[in-house]
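Structure first, commentary second.
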Amino acid sequence: MLKALIVGASGYAGAELARYLSRHPEVEISALTVSEKSADAGKLISDYDLHPQLKGIVDLPLIGTSNYDDLITDIDIVFLATEHSVSHDIAPYFLKHGCTVFDLSGAFRVNQKAFYTDYYGFTHAHNHWLDKAAYGLAEWNQEQIKTAQLIAVPGCYPTAAQLALKPIIEEELLNTSQWPVINAVSGVSGAGRKASLRNSFCEVSLHAYGLFTHRHQPEIVAHLGQDVIFTPHLGSFKQGIHATITCRIKAGITQEAVLAAFNKYYEDKPLVRVYQKDWPSLKSVIGLPFCDIGFKVNGEHLIIIAVEDNLLKGAAAQAVQCMNIRFGFNETTSLL
Amino acid sequence: MLKALIVGASGYAGAELARYLSRHPEVEISALTVSEKSADAGKLISDYDLHPQLKGIVDLPLIGTSNYDDLITDIDIVFLATEHSVSHDIAPYFLKHGCTVFDLSGAFRVNQKAFYTDYYGFTHAHNHWLDKAAYGLAEWNQEQIKTAQLIAVPGCYPTAAQLALKPIIEEELLNTSQWPVINAVSGVSGAGRKASLRNSFCEVSLHAYGLFTHRHQPEIVAHLGQDVIFTPHLGSFKQGIHATITCRIKAGITQEAVLAAFNKYYEDKPLVRVYQKDWPSLKSVIGLPFCDIGFKVNGEHLIIIAVEDNLLKGAAAQAVQCMNIRFGFNETTSLL
Amino acid sequence: MLKALIVGASGYAGAELARYLSRHPEVEISALTVSEKSADAGKLISDYDLHPQLKGIVDLPLIGTSNYDDLITDIDIVFLATEHSVSHDIAPYFLKHGCTVFDLSGAFRVNQKAFYTDYYGFTHAHNHWLDKAAYGLAEWNQEQIKTAQLIAVPGCYPTAAQLALKPIIEEELLNTSQWPVINAVSGVSGAGRKASLRNSFCEVSLHAYGLFTHRHQPEIVAHLGQDVIFTPHLGSFKQGIHATITCRIKAGITQEAVLAAFNKYYEDKPLVRVYQKDWPSLKSVIGLPFCDIGFKVNGEHLIIIAVEDNLLKGAAAQAVQCMNIRFGFNETTSLL
Amino acid sequence: MLKALIVGASGYAGAELARYLSRHPEVEISALTVSEKSADAGKLISDYDLHPQLKGIVDLPLIGTSNYDDLITDIDIVFLATEHSVSHDIAPYFLKHGCTVFDLSGAFRVNQKAFYTDYYGFTHAHNHWLDKAAYGLAEWNQEQIKTAQLIAVPGCYPTAAQLALKPIIEEELLNTSQWPVINAVSGVSGAGRKASLRNSFCEVSLHAYGLFTHRHQPEIVAHLGQDVIFTPHLGSFKQGIHATITCRIKAGITQEAVLAAFNKYYEDKPLVRVYQKDWPSLKSVIGLPFCDIGFKVNGEHLIIIAVEDNLLKGAAAQAVQCMNIRFGFNETTSLL
């Protein structure tokens, strides 16, 4: 049994990771930790004030610590469900001790130092690991993931956007003179588990935010190699992302050609479900590890709809999927 | 035109008050204030971060102050939409200056000093005003309201509970040997406009709270003169209260007798709507100043359903209704 | 007092119309009608099974009829809140009798006969009235509305889309070589008040529909004179439309230039609120007659956000606004 | 491998059953059926219009039939997720062929013939099976379930109500002179998967229904042996039941005594989670097979809060739990 540590286990993605790992036949949870300053330190993860749904499923304590010397001998795998700068600071420690690290933060996703200064507000100090990190877009980077020691799991919006656009770009169907327009609506859990007036129940309402400035835009661009316009929205629901992507395609590209492109890359991928007709609803993926994709061609325009659970395929499930790929388990073990 | 001040205008009830007063033909808003420490001080009430729905309707600034000496000469009426202890401290100032005060907090609702120590955590220092205050349950205390200088507007739960139970008690239909069971579900706005993890979008879910200990229980008991079991719940909606009240009635009391009791007290009351059949849904009163009441008799048991918008009939609308009664305006002016 | 008839008053827009007209100082409701086959015929509009929120506000019966000979002498104004083909069939009757007709259906919105065959499934038989109808986009067509006898009130999506795009097009800021991408999310009430599995509570979930084929696309194009890509979505909320419009603008157009364009057309328009910064949330307009607009320029790209209540500015409120304009009342009478 | 048939697999409980059985290591699904008149006949259960979340998980067709002669040789276990009268009519066929039947309808829950005439509108014709049926309240009737051929799985409300009250009654803590007051709020899925105006998205709103007349009241009374007042409510959420139960207890019964009663019966039961403090929220059980129970004593009054997912512990999960018990599998196999 591999022994796994979840750092930042008090958040929504952390709780989902704990649930998946608790039922994984090849992995056991060594420890769950939170910052020693956290009010949650010392509580069970299934505490009434935390994730009571886990009561009887995972009843481990959240250890409050930033020193892992006592735990490190008992850890093979680390999941970092932490703030970006915390992941940045702490990942090298685990890597040096030989652990395989799955980072759910943005700290190692883009191999451009300026990206972190511009979008995350810190100076990246770990060039070596930036170079070595595999980008954990599981359906696309299996070879790198299989051998990497550090896997940077993509953000929730970039996962949906890239799974939708990569087949079109790879197959050179896109008319690249026009930037694809990505409109995406995320559930409130994307903002994390913390009190803020903005995410207060009475204040949440469908609205756009971060126009032209959201840090997931350059993450998408870096990995697609294609400029895009990305407009995130907050929706009045807890979990899920619904992305509507409008793009210009080359003349003569048919509905069938686009379907063939999606099938080429996803036919044998268990966690991407391509719709031959109809367009997926958010409800199809809530609580499930899938990304569902539908689309329609009209003349030189193509609209792609991609939906996923932001906490699962957009975070915890994809991290576990990467772990399964990395260690040679069945890709969907513990996910379905 | 009467000149009105709203203290604590940044909250949800404050915004509703501002909207009502802005369209009242006999009243104009002199000023809106918030604590000088508030991050909202200086902003317009219709600011993007506050109540943008009011843009173009009420665009007054929120003055940050706790000193009203400069404003006092221009004020006839004061609405206190503040914390209980703030209302307690500040109401006497306005009363001494001759203003008529409508207090939406709990500071003057129950004429028992111990009540404040036990349930609100402060020692009441204004016996004189406790004695003088009219309890603003508008359908029941019109005579006192007409002559009072201080009107203590009831809490949201007590308004629904008392409007439902008072006709039964007044007409002596109740079998008082069993305490009525009041189960009520409130929208999240009842907790006020502030960030807290408990009221965070992702955390809210139907649940009971404050079993046997909520401070609205003794408020209800004090004014009904009847012990009750009151169990509040939080529901996943912004506005509204739905109360289900189960009680034992005397043998032989019929459906018709109960209807007659409700009609006796409410037939000429424009803001209480009694259903002859069916039981009201929450949607019937959201955004409206009504309390809707339905009921059913079965043997010696009676169930009463009462619904209202907690921010309106449970707060701002009832305060304006009290003002209308106090100054001889039509009871529903600006409310419908 | 002008006397108004609402045909199709049992629906959501009909109920909103009834509420507005009931408080309008210059208009009184003559009658409310529904199809004689409707199960609602004979009930009060405020009946428990219809719109109980109107109890005590509008308690008129829904007359079941398709023959208006007995009512016609008592009608100056007609609001048609009916199916498209019903409006098409019945509008000429009222027009011939000299009534002014405000049609909330699609029957007279586009002066192209093929449009009705292609998108509404009926052959248009009233060329004369198609020619004469004013398109009731209230902020743009005031002169035509003032003198028209038939006003075709725009659909909910087209109102938001056109209010957002017309200033940009009129001021020639748009790079017309790329079609604006309109992504809009509508509340479920846009589908009308009728039982269907698709609109069943448990089935509703954010999803796109009608890709490239929705009939509001040609309505928008006809009135804008500009091709667009319009993608409607259903959201998990009752009322409201949130539109995100991404377009290419000419080089050198600044944020200030776009603001100037919006201000030029809307500064004196009480029901369009332009945001200088921030982008409107749906909550700002729910229950209110406004369309709120925000935007952001980035290089040659412009994103415009427009929100409205689909039942109000997207239907009933705009119809009443048109009536106010038509009869010389204050534009916002009874709306605020 | 046991071979299972799900009759009525197109509904919400049917879909949950299919999901559970598809991952059960000891069971395989033989067939899914619906009425031959159903519009869903012939579609895959994971069809876009049915349960697209199951795509890739269970992609079996819904066979439209009411004749099981061709299927019967391949069936060991039958789950009836059908209308009450359909279950009543068809269950004996499967029983005669030696199948073990888990009936999720009300057709065999109460061994009183009048119950079916009064509350379900049909005359019960199968006395023999009424006598033989085990009531599938899994935590309480394990011995009967283990040997029964027909297990009548309790309704969703009765499961929550009985799990909450039975320990109190068994331990004789209740003051039976006052009837416990059960207020319960159910998600809309409790009404099944079918179009109705009442369950239309725009119409749903928190309200009580069926006061004193709901058929789950006599089911609860029959199995508790104690009269109760049961008031069901519809809430604005898809899944879940929240029950608040207020009862009179004997003098001197403490919080500890009540906890001891719950622990006595549930300490070793994996699917009932008793809270020592705090009261469960609905969110704790959504998507999970648990019933969570909290409570508080005050003098001679006791309030118990019980929550469950109406489709899971209130239907599909309890049916599978009964199957696990019946065939000697681990009680939670495939459920967690």
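Going by the order they are written in, the chains are A, B, C and D; count residues from 1 in each one.
In the analysis below, a contact is a pair of C-beta atoms (placed from the backbone, for glycine too) under 8 Å apart; a residue touches a chain by one contact, two chains touch by 3 or more.
What you see is a predicted model, and the numbers here were worked out from it, not measured in a lab.
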Comparison of A-C and C-D (more C-beta pairs in contact): A-C
Farthest-lying chain, centroid of Cα atoms versus that of subunit C: D
Subunit A and subunit D, separation of their C-alpha mean positions in angstrom: 36
Whole-Å separation of chain centres (CA-atom averages), subunit C against subunit D: 45
Chain centre separation in whole Å, for subunit C relative to subunit A (CA means): 40
Subunit D, residues touching no fewer than two other chains: 203, 236, 280-281, 283-284
Subunit D partner contacts - residues on subunit C that touch it in the complex: 12, 49, 187-189, 193-197, 199-204, 236, 238
Complex contacts: residues of subunit C adjacent to subunit B: 23, 48, 52-53, 55-57, 270, 273, 275, 277-278, 280-281, 283-288, 290, 292, 336
In the complex with subunit B, residue positions of subunit D that touch it: 178-179, 181, 183, 185, 203, 205-209, 211-212, 229, 231, 233, 235-237, 240, 242, 244, 246, 279-284, 296, 298, 301, 303, 305, 307
